[in-house]
Structure formats: C-alpha cells, structure tokens
Amino acid sequence: MKSATSPSPAVPPGIASAADYEIWARDHMDAGAWSYLDGAGADGITARANQAAFASIRLRSRVLRPLGGAHTRLSLHGHMHAHPIFIAPTAFQALAHPDAEHATAMAAAATGTAMVLSMQSGTAIEALQRTATPPLLWFQLYAQAQRRDTLALAHRALNAGARALVLTVDAPVNGVRNAEVRAGFRMPADIRPVHLDGLAPAHAKPAPLGGQPLFDTGMLDAAPTWDDIAWLREQINAPLWLKGIMDPDDAKRAAGLGLDGLIVSNHGGRCLDTLPATIEALPAIASAVGNSLPILMDGGIRRGTDILKAIALGARAVLIGRPVLHALATAGAPAVAHLIQMLRGELEVAMALTGCRCLDDIGPDVIWP
Amino acid sequence: MKSATSPSPAVPPGIASAADYEIWARDHMDAGAWSYLDGAGADGITARANQAAFASIRLRSRVLRPLGGAHTRLSLHGHMHAHPIFIAPTAFQALAHPDAEHATAMAAAATGTAMVLSMQSGTAIEALQRTATPPLLWFQLYAQAQRRDTLALAHRALNAGARALVLTVDAPVNGVRNAEVRAGFRMPADIRPVHLDGLAPAHAKPAPLGGQPLFDTGMLDAAPTWDDIAWLREQINAPLWLKGIMDPDDAKRAAGLGLDGLIVSNHGGRCLDTLPATIEALPAIASAVGNSLPILMDGGIRRGTDILKAIALGARAVLIGRPVLHALATAGAPAVAHLIQMLRGELEVAMALTGCRCLDDIGPDVIWP
Amino acid sequence: MKSATSPSPAVPPGIASAADYEIWARDHMDAGAWSYLDGAGADGITARANQAAFASIRLRSRVLRPLGGAHTRLSLHGHMHAHPIFIAPTAFQALAHPDAEHATAMAAAATGTAMVLSMQSGTAIEALQRTATPPLLWFQLYAQAQRRDTLALAHRALNAGARALVLTVDAPVNGVRNAEVRAGFRMPADIRPVHLDGLAPAHAKPAPLGGQPLFDTGMLDAAPTWDDIAWLREQINAPLWLKGIMDPDDAKRAAGLGLDGLIVSNHGGRCLDTLPATIEALPAIASAVGNSLPILMDGGIRRGTDILKAIALGARAVLIGRPVLHALATAGAPAVAHLIQMLRGELEVAMALTGCRCLDDIGPDVIWP
Amino acid sequence: MKSATSPSPAVPPGIASAADYEIWARDHMDAGAWSYLDGAGADGITARANQAAFASIRLRSRVLRPLGGAHTRLSLHGHMHAHPIFIAPTAFQALAHPDAEHATAMAAAATGTAMVLSMQSGTAIEALQRTATPPLLWFQLYAQAQRRDTLALAHRALNAGARALVLTVDAPVNGVRNAEVRAGFRMPADIRPVHLDGLAPAHAKPAPLGGQPLFDTGMLDAAPTWDDIAWLREQINAPLWLKGIMDPDDAKRAAGLGLDGLIVSNHGGRCLDTLPATIEALPAIASAVGNSLPILMDGGIRRGTDILKAIALGARAVLIGRPVLHALATAGAPAVAHLIQMLRGELEVAMALTGCRCLDDIGPDVIWP
C-alpha cells in the first residue's frame, strides 16, 4: 500500500466533469500526497490563471452548418490519433492509486489516447509496453547531469517503443513548492524513479550559512543549455519535442534547431509563479513559429471548450495532467477512461455548436472577438 | 402529483423582485427538478454572464422631461402588445407546479403577455386555447428528424391559434448539463412532450466503447441545416422566427432567407458554455441586420432596467424564461402574473427616470458611454 | 418612542471612521427603519458603485511643500463655510434617533456645518431655527402637484431663514425599494412630513388589473418639467439649486436657466439602479458647465480622501447622507459632530499629504493618471 | 516583558513563505501590538494594492540559458551587498519580540543583510553596533522641529557607524490609523524612541472644539520643506537618501538637490490611503530620474518574484518591512534570518527561471508585455 488514499472501487455516482474528480480526490486523498500531486508553485497565481484564462475567452456560436461525418482525428509523426487529448507526464502516480502508471496506461489504451510517460515514473516503460494492449507512449525526460545518461535514457525509451521524446526544459531547479512543506510531505520510501537507476545522480551541495541558497548549491551547474539541445538533436533520430516553452523567442530558437515540436507549458503553474497562463502565451508562440513545427499545450484544460480554444489559438492537441491524477486517485483506470471520454464528448459538443466538422475547421474565427 | 415540490398557496410575503422568486423556488423545489429547470451548461459561465453583463451597463438619467401619456405598447405582426415582455419557451413546466402550462397561460392572459409555448410542453396547445381567456400564443419547435414531421407540428400549432412559429436552432445536441447528472435527475414517467406523440423519434445509437461519444451516435445526422430553414420558409405562410442566433453572420444569412424575426439567445447559457452574454452579442447582431427584420432577445433579464437596456441596444422586446419558472414554482399563476407586473412596473420606472415616454424613445442615448 | 432602535448614550469606544458608524447602526437599528434609511434602489449596484468608484481613484502624493496656514474654507452665496462638508437632505430622521432633526442640527451648528433640511423632515424648519445656536440651513423640496404649493413651501423655508433652496429633480417616481418590501417596513403613524400639512396631496389612482403599473396611476401627471423650473426660477429671488443631475446635457440646460448651482447626485443609489457612480459622472458634468455655476456632489463619500477627489474632479463641496444617519442612530448629536470632525480631519490629512494648502490647490493634478 | 505576545522558541514547522509568518504572527500577537505594527492607513486599499500589483505583473520564462556562476551581488556607496534585500525601518520592534532590534540586527548580520534602523527604535544604534558581529546599518530619521536637532541625530548615527542616512518625507502628519483606535492600542510605558531623548519635542496644541482638527494643531508648522532638504544636504557629508517619494516630479526635484538616492515608498500603505502601489509608481519615477541616482523601493514585497519585478522596473534593491516584523514576532532572530534566506532563495529561483545570471541581467524584458 503506497499511500493512505483509499480509492473508490468504481466511478462514484454524480461525477459529471473533471472538476468533480478534483473535488473527490481532494476530499479523499492523503494530504501530503495531494500537496505533491496537486500543489502549485508559490502562491498558485499561474496555476489558477491557467484555468481562469480559458473561462474568460468567449466562443462564437454558429448554427445550422452541416455536421455529417464529423470527427476529431489528427495525424502526428505518421500516427493517426483518434482525438487531440494526450495524457501529460506526471511523476509517481502511485501516490494517487496503487495501480499507478499501469492504470493510466490501461485507460489510455482503451480510449485511444497517447500517454506521455514521465521519466519520474515509478513504473518502467518496458512494463507498460508488455501488456496485451499497450497504449501509444511518448517518453518525457529531463537532461541529466551527464550527456551520456540523457542519451542512455532516450535510447532506452525508444527501444521500449516510445514514439517520441519530450525534453522538459522549464525546471532546471525546483519551483517554490510551499504546499509540500506546509503538509510535511515526504516521498514514501517505496516510490522511486526507476528509470534513473544506475545513472549518475545530480549532486547538490548544501548552501553555506548565510550564503546563496540556490546559487551556492551547484544545482545549476548541470542545468542544460541550448548547446545541449543542439547536441541531443544530432544524436536522436526520432521525434524530439521541447516542453516548457513560454516565450516566443525561445520558440523561434527551438524551431531553428530542427526540433519536431514544442509543448507550450508552464509546468502547470508548479515552477515559476506569475508566469502567464499557457493559453495567453500560446498565440504569440504560434505566431512566432508559424507552420515550421507543431505545437501542443497543457495547463488548465478542464473542459471540451478549453480544448477547442487551444486548437483555435494554435495548438494541434492538448495534454491533460492534474485531471488524470484526480480521476486516477478517485477510481483508477475506469475513472481515467471515463474522464477522457467526458472530455472527448464535450469537445464534440463544442465543435457541433460552433459548426466545426473536424479539427482543421477550428480556427480563430470560433473565438468571439 | 408530478413533482416533490410544494408550491405556496399564495405569493409569499416579502417577494419584491424576480431574484426573490429564484431564492424561494431554489429553497423549496425538488433538487432534481431544480437541476433540470434552472441548471446551466457546463460551468454556468454564460448563464452568469447573461445577468452580470446587464449589471455592468450603466444608464443615463435624464430629468424633467414631459412624461404625460407614457406607454409601453409595441406592434408585431399586426398585434398591439401591451408591453415588451414575452414568456420564453421552457420545457415541462409540470416540474415546477402541478398546474404547469395552464398556470403560465392564465397569468399571461391576465397581464396581456405573449407566451411562447414550448414544443416540449406537457400540455397541448389546443388545451391552452380552449380556456375562456386564452393568452396570445406563439409556438416554439425544433426541426424534427423528418421534414414532414416538422411541418406537421407547425401546422398543428398554427391551426390551434399560434400567431407565430419560433424555430430553435442552437441546440442540435444537448448541452453539457452536469447539474442534472450530479442531482441524479430523471424525468418523471408522467411528464412527456405531448406534441411529439405519433412523430418519428430521433434515434441515437450509443457510441462504441472508446469511440466518439457524440459523433458516433448519429444524433447529428438529423440536425437541421440552412437548407432545411429555406425549405420550411417556403412551406409556412405565417410569421417564422429563428431562436438561438448569437453570430452576426448567421443573422445576416437568416435575414436573407426571408425570416420574420430573430431571437438573440444562448439558450439561457444551457447549451454551449462560454458564449458571450446575449446583451453583449445583441449590438453586433442588430447592426448586422439593420431594419431588415425585428429582433427579440432573452437571457439574464431580471429587472426593468435590463429590459430598457435590451431595447436600447437593438431588441424590440425580451423573453423571460427562468424567472417565470421560479414564480410558477413558488405559487403558480398568481405569482407569474405578479412577476410580470413587477417587471412592467420596473420598466416604467426606468423609462420615467431616463426620460422615455414610449419604447421608440429608448435609444442608445440612454446608455452611459 | 418613534422607533425600536436603542441609541447609545455616548459615542461607543472604538468608532474610528464613518464605516464604523454604519456597522454599529446596522447592528442596532430596527430592521424596518434600517431598510428605509439605508436601503438602495433595486440591486444596490449604483449604491455600491458610489463608494467603489472612489476607492479605485488613485492619488498623487507630493511631499515637502510648505503647508503653514493651511485651511479648508470656501465661500458660497456670500457665506464663508468653514469646510466643504454639507449634511445632505434625508427624510424622517426620527427613524434613526428620538432627537431626530434636532440632533443633526445641533451637531451641524457645533461644527460649523451647513445642513440641507429635507422637505420630508418630521421637524419643522422653524423649530430648528428657534434654538440658541441654529445651524446654517438650506432647504430641500420636491415640486408639488400644484405650482402654488411649491412656491408656498419655498417662501416658508426662506422666511424661516433658509439660505438656499434645493429642488430635487431625480425622483418623480419612487425607486424600486425592494429592501423595504422584504423587511415589511411601514412608516410609524407618528412620523409625517410636517412641511406638507395643508398642501394638496398628490393623488395617485391604483393601476387597473393587468394595466400599466406606473403609467396608469397618474403619478407622472404632476411630475415637474423644465418649464416648471423656468417658472420657479422667476418666482424665487434666492439661491436655487437643482439636485439629482447626472447628465451633462441636463446640466447645460440647467445652467442656461439661470440656476445658482447643481448637485450631482444619483439619490444615493436609491432611485434608478445602474446609474454611474456620482464621482464617475462628475468630471463630464463639470466640463459641460465650466465655471458658469458651482457644483456640489453627494454619493459614496466615506473618507477625507473621497472629499479631496470630489473637489479635484470639479465639486466645490460634498454632501453626506447615510453616514449622518448612521452616526445619528448610534448616539445622536455627539456622534454626528464626531463624524463630521473625523471627516474634516481626514480631509486635512489628505490635503497635507498631497501638498494642498487650501481647497483651490486641489486640482486634477492630485489624481494619479 | 514588553508585550503580551508569546513568540515561539524556534521557527514553527510548516513555515514555508513570508505569508506563513504573517499568519502565525497575527494569530499569536497581542491585538493592540498587531494593530500598531501591521495596521494600514484608513481602509487599507494601498496596503493591499502594494501586494496585489505585484501579483498582476506577469513574468517571461526563458529557458536553457547558461547560469554558471550566477550571483545576486550589488554595490552601493562602495559596499558590496551580498543580495538586494534590505531590512526596512520599522518602529518599536519590542512590540513584536522581547529581543526587539537586537534580534533583527543579529539576523541581518548572519545573512549579510543591510538594516535600516528606525529613528523610532527602542534600542540605540550604539547598542546594536557594540555586538561582536554588527550588521551593516543605515539610519532612518524624520526632520525634527528644529534643524539643529535633525543635524544632531544625523551626526550621532554617522558617528555610531551608519553608512547612510534615510530621511522619511511622506509622513509630516500621522496617517488615518483606524486599526489602532479600534483595538484601543496604547504604547506600553517602557517603549520609547530613545534616539529622541533630549531633543525638543514637537508641540501640537489640541484643535479647538469645532475647529480644524489638524490644521489648528500646529503639527504642520514644523513639517520640513524642500528648503530644509537643501540645507541638510549641505550639512551632511555622507550618503543621504529620501524615503517616501511617489511622484515623478518630486523625484526630479530630489535629484536636482544632489541627494544620493531615493526610496520609492508609500509607507507600506500606512499614511495616505488610495495612493498607487509602489510597483505601479516605480517605472514613472525611474524614468524621470534616469541614471542620475539609484532607487530602492518597499511595499508589498512577499516573494522572490516580487524582488525580481522591482529590479526589472527600475529598483536597485528592495526593503522588507512587515514580513520582518511577522518573523520577529514568530520566533525572533532565527525566524528573521530564515525569512531572508527564503526570499533570497526565491529570488535565485526566479532569476534562474527567467535566465538571469546577475542583477544587471534583470531588465524590463523579463516582464510579459
């Protein structure tokens, strides 16, 4: 038993939206695990803004258009995805449910959903691929202290079947995670990042008394730079994405290095607080890179209308993070599958009511000016 | 007994506004019936915006103008209406009060109010017309799976005395009605849409597991298009309105088809959430169609000042939906009549204090710039 | 004993601001009397906006200016007022305190404050003037159903010593006073407008069932028009002000008729709801009339900084309504005097900290742009 | 024992941010002492705005920049400060903790923090300098009723080792401190401004009954003017700063007099309410003085991101007032040191995540446009 949380044996009655899963999970989860999984950076301003910014964008209703044969398919790297909802990488899902990443993967497979597995998973990618119906997996990783370790991780993931790699670049240091301190959270001893076994750990020396609390620890010495990205790009012959881009200039630089895609993300508001909402940053970034590479985004997606808005403003698809954890903590795989089907249904309703038959129909003209 | 609600035998003391009826009804109605009648789409953002947008519009006070002989009359399709407040079509009023549509019709007749009867009424239009003092009725309908059924409905309503037809076009699919799911609402067995008896039901097949939750059900196959509207216009020799227009381009298209009027509506925020408030959409739509056809609007009207603002920004009259249900649930016909008289009185006060003697005096210059 | 309120025998400890008096009064007053004295029109949007608009205006601090000999005097109609705080006309002060208008007048005299006595006072103007130290009085009146009655009232007030007449023009009909209905308020039998004894009452016939709730009552037949103002101006050889002007065009018209001053007011938000805050309307009105006649304003003044802002944006002085009633209800004359002295002190602090030695120094440049 | 507050013997567990210290202190401090130390002017609008304005400024994340050798040092008056966080002058710290200014000074020394000692300290500057490891001290003073007393204070502070003098100019009169009145606060008899012993007290005569509450007291007669500043500048051969500048014109005037620096401050919102937030005023002031003299700022700093924003918008460093008192009241010197180290750490995280290696890298381009 990896956490004090007691999930429900089935989806509880009355769950009608992603928000309902959040309430259920918050009310039933161990407070420490909740602080780790759901906590935001500092004062949570960006985490709240991610959701609020969607709510403030108004849609245009368009009636009486023909909608026969409508669908939500999109093609990425030669794969036809059934819908534009991806599962975002989140660490240590065993904190939410004993079935952990296995449950999420099962729900992903059942609903035809791409799952971005976190490097900080407690379940190895090979174990997820060994099942009868494995999901389509992408693999998320952080640059390691030594380049050869980063490369080893990447090769392991690709060998295990990952279709793409996602390098997270917005968290060279930990954010200001007050919630965890206040809750006194400590990672349970039996939960560890299994993909890092055998790799060189990042050694951070303690800051001297009265010294620079971060800058004296050496944590930044191993932080990756654009040079490391350029190097990695040359080593990897598979789709390589950067995750955590919030600045148009950074996006242009990434495009210039031949990356395969960008994920606009502020780490769910868990890293630097008072960043803009991702949906606020998306249009400038989409405009900066034009059609040179595809963009995904995460942060604040709770409704099908949010997905529609993200696509209208430049994303090809979206990733869902916290809501998956909320559903997972509530009732495991069936709840995650239910969540995804609810969001798909809401997206289809939003498309029908704005007169869009397919994702390519969703342009800026569905936004009320 | 069609619901667990226990209406008051008379208007309770202290009821002074539409908001007071809402509070009374919410506190006394069966939670399931409340969720169906009052529930909004998804997060209720549009439902709240409908009201909040009125509150944020400021009026211009104009003093000392002559007000002798002031009145609120308006002429539509050759009928002189005593005032610009219509009763909006709402389904299954038996959920609010045992007297159901009979009570509403009685109040409408007593106050000289036009009532738009819903196709989803539990009371047949003929029954309402058979009373000693029937109200002026319009009839609202949805396009049916088969054109001949739509036409049959239309002819039945006109034969029964309906003065105009209102085709609702903004709900080809159900909105995201979380409130009903959360409340576990199910329609009581003895409440059904009597006007649909004998018509071909719309068959929606269930979506396959992991399939497209809406797009695979066939629900959209029967959804009407502009072609169906053009066809219906040719068949119907009576006033024909479209309800649910929120986009200026759609409004222009409707005007081009020779319709008799438009109702700017977002379905009370029950259909697609995060649409603009109707009073926000109204000016652009009024500007798009100019004087080519009359506009009504609903959504968020709770005060006489709201009615004044709607008329100032381009509506000829307004429709009242939820407040009628709140009054009906509180005390039946006398409460609905009281509600309408309160709103009329408030409108007259607002006209007097902005220096308007008649509806034509209510122009954009009553709005504080 | 005229109300169920039990005032404190002295100013309670801990009262430090106008807001503290409001809290004390609300907590101790009879709910019905409170609803009448403090209630706002309809939803109270304008009443709240009056205060909120002041809070949103930012000041400019200016330091190190010489402040020796600073004062707050202003001259109006040949009288040198010690400060720019007037007591606004409010009806039936016996609802707040047994000493009623006598207490307010005593506080006004003690603090050198001009008091605008309401026509709807329960105490006759002659009684207030008969005391040892009567305050400087202005007299507020409504136009009566018959011009000769209006003139009789005016002459009576001037004969009794009123220095100016204030004709309220923004309330030809009652506002939508829901609070009174909800509280079941009825005016106590022993409180009546003594100045109206012997004048022709305004006869309002009840509206017919289903008829126009206001327009059929004849209440507007006696409502004054600009012609009546022009006539009254010719009859009255004393300072004559209009109160309730919120529109620049109305202000210009008033200036053209030779009136002596205007009071920008929305009746404390008690009449037409969703009017702008008075401080929002003031600059446009001040700009419209230029220097042709002086402007006072009321509505939302709770702090010395509010007074400074009103003067900066075009008012010569301000009137205080509800706070006087709150202080009166709390502890009678000493509380009203204390309130006025607090506001004076706050104004002087605000002047000192924005570098203003006298009221003429308070210009638009004290407002942060 | 100087107050009823009972500080914790050590930093309580779960304290993770400046806000946590505020909550702890408010919950444990004597209400009167809290009202004095934490209370704001009038309605606290400016005090709240100071914090809220920071929250509304969005940052730009910039990834993958080289961060080796990052530091937070800055040089002022020839001294290399380890970081840009100064301790603001606050009066009578014995109200917060029995160790009073001694504890704050010890924490300042331990963390390499400059401390601006208040003239209204209960501990003499000489006593703080006599310890084994005294902090770097600046000395804050108000102009005294007599110029020679101001000069005597200045010389005493410089002789005791103060590196700079800070003349506060925004409080020639007390603000409207309602909180103290409501709490019935009186300064304990054993707490007094020891630096003023032997100087001529400012004699304020009481205002006459009904007279001008401030202007008749003579308090403003001794208020300093620009002439006094010019005179003092000539007398003092050490760094001389003005504190309390919120107006660009005042800033330019100060620059013209040869002062050594300005502190943009609204006295923590304790003086004139409804002034802008300091971070709102900072850009215009920085623009007005250009590079002619350095600017510090205080008001609302609660996070490392706030410090980053202040530097981006024109400040060289920031001062921390209330949070130091909150930490002091919680657990004395260790808590103050902990607070400063937390803020330093947060600043370093914010620099790392916006790609800044040193304070000079923090320009307007870290602000989201």
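Odds and ends about this structure:
In order of appearance the chains are A, B, C and D, and numbering begins at 1 in each one.
Heads up, the rule we're going with is that a residue touches a chain if its C-beta (ideal position, glycine included) is under 8 Å from a C-beta of that chain, and two chains touch if they have at least 3 such contacts.
Chain labels with UniProt names: A, B, C, D = Alpha-hydroxy-acid oxidizing protein.
Treat the numbers as computed from the prediction; the structure is a model and nothing was measured.
Both copies, subunit C and subunit D, contribute mostly unmatched positions to the interface they share, with under half of the numbers common to the two.
When subunit B is fitted to subunit C on its Cα atoms, the angle of the rotation, on a 0 to 180 scale and to the nearest 5, is 90 degrees. Centroid to centroid, with C-alpha atoms defining each point, subunit A and subunit B lie 42 Å apart.
Inter-chain centre distance (subunit B to subunit D, centres taken as mean C-alpha positions): 59 Å.
In subunit A, no residue touches at least two other chains. Contacts from subunit B toward subunit A in the complex involve residues 42-43, 45, 169-170, 172-176, 178, 181-184, 209-210, 212-215, 220-221, 223-226, 228-229, 244-247, 249-250, 266, 271-276, 280-281. Residues 13-17, 19-20, 54-55, 57-68, 70-72, 82-83, 110-112, 303-305, 337, 341-342, 344-346, 348-350, 352-354, 368 of subunit C are the ones that touch subunit D when the two sit in their complex.
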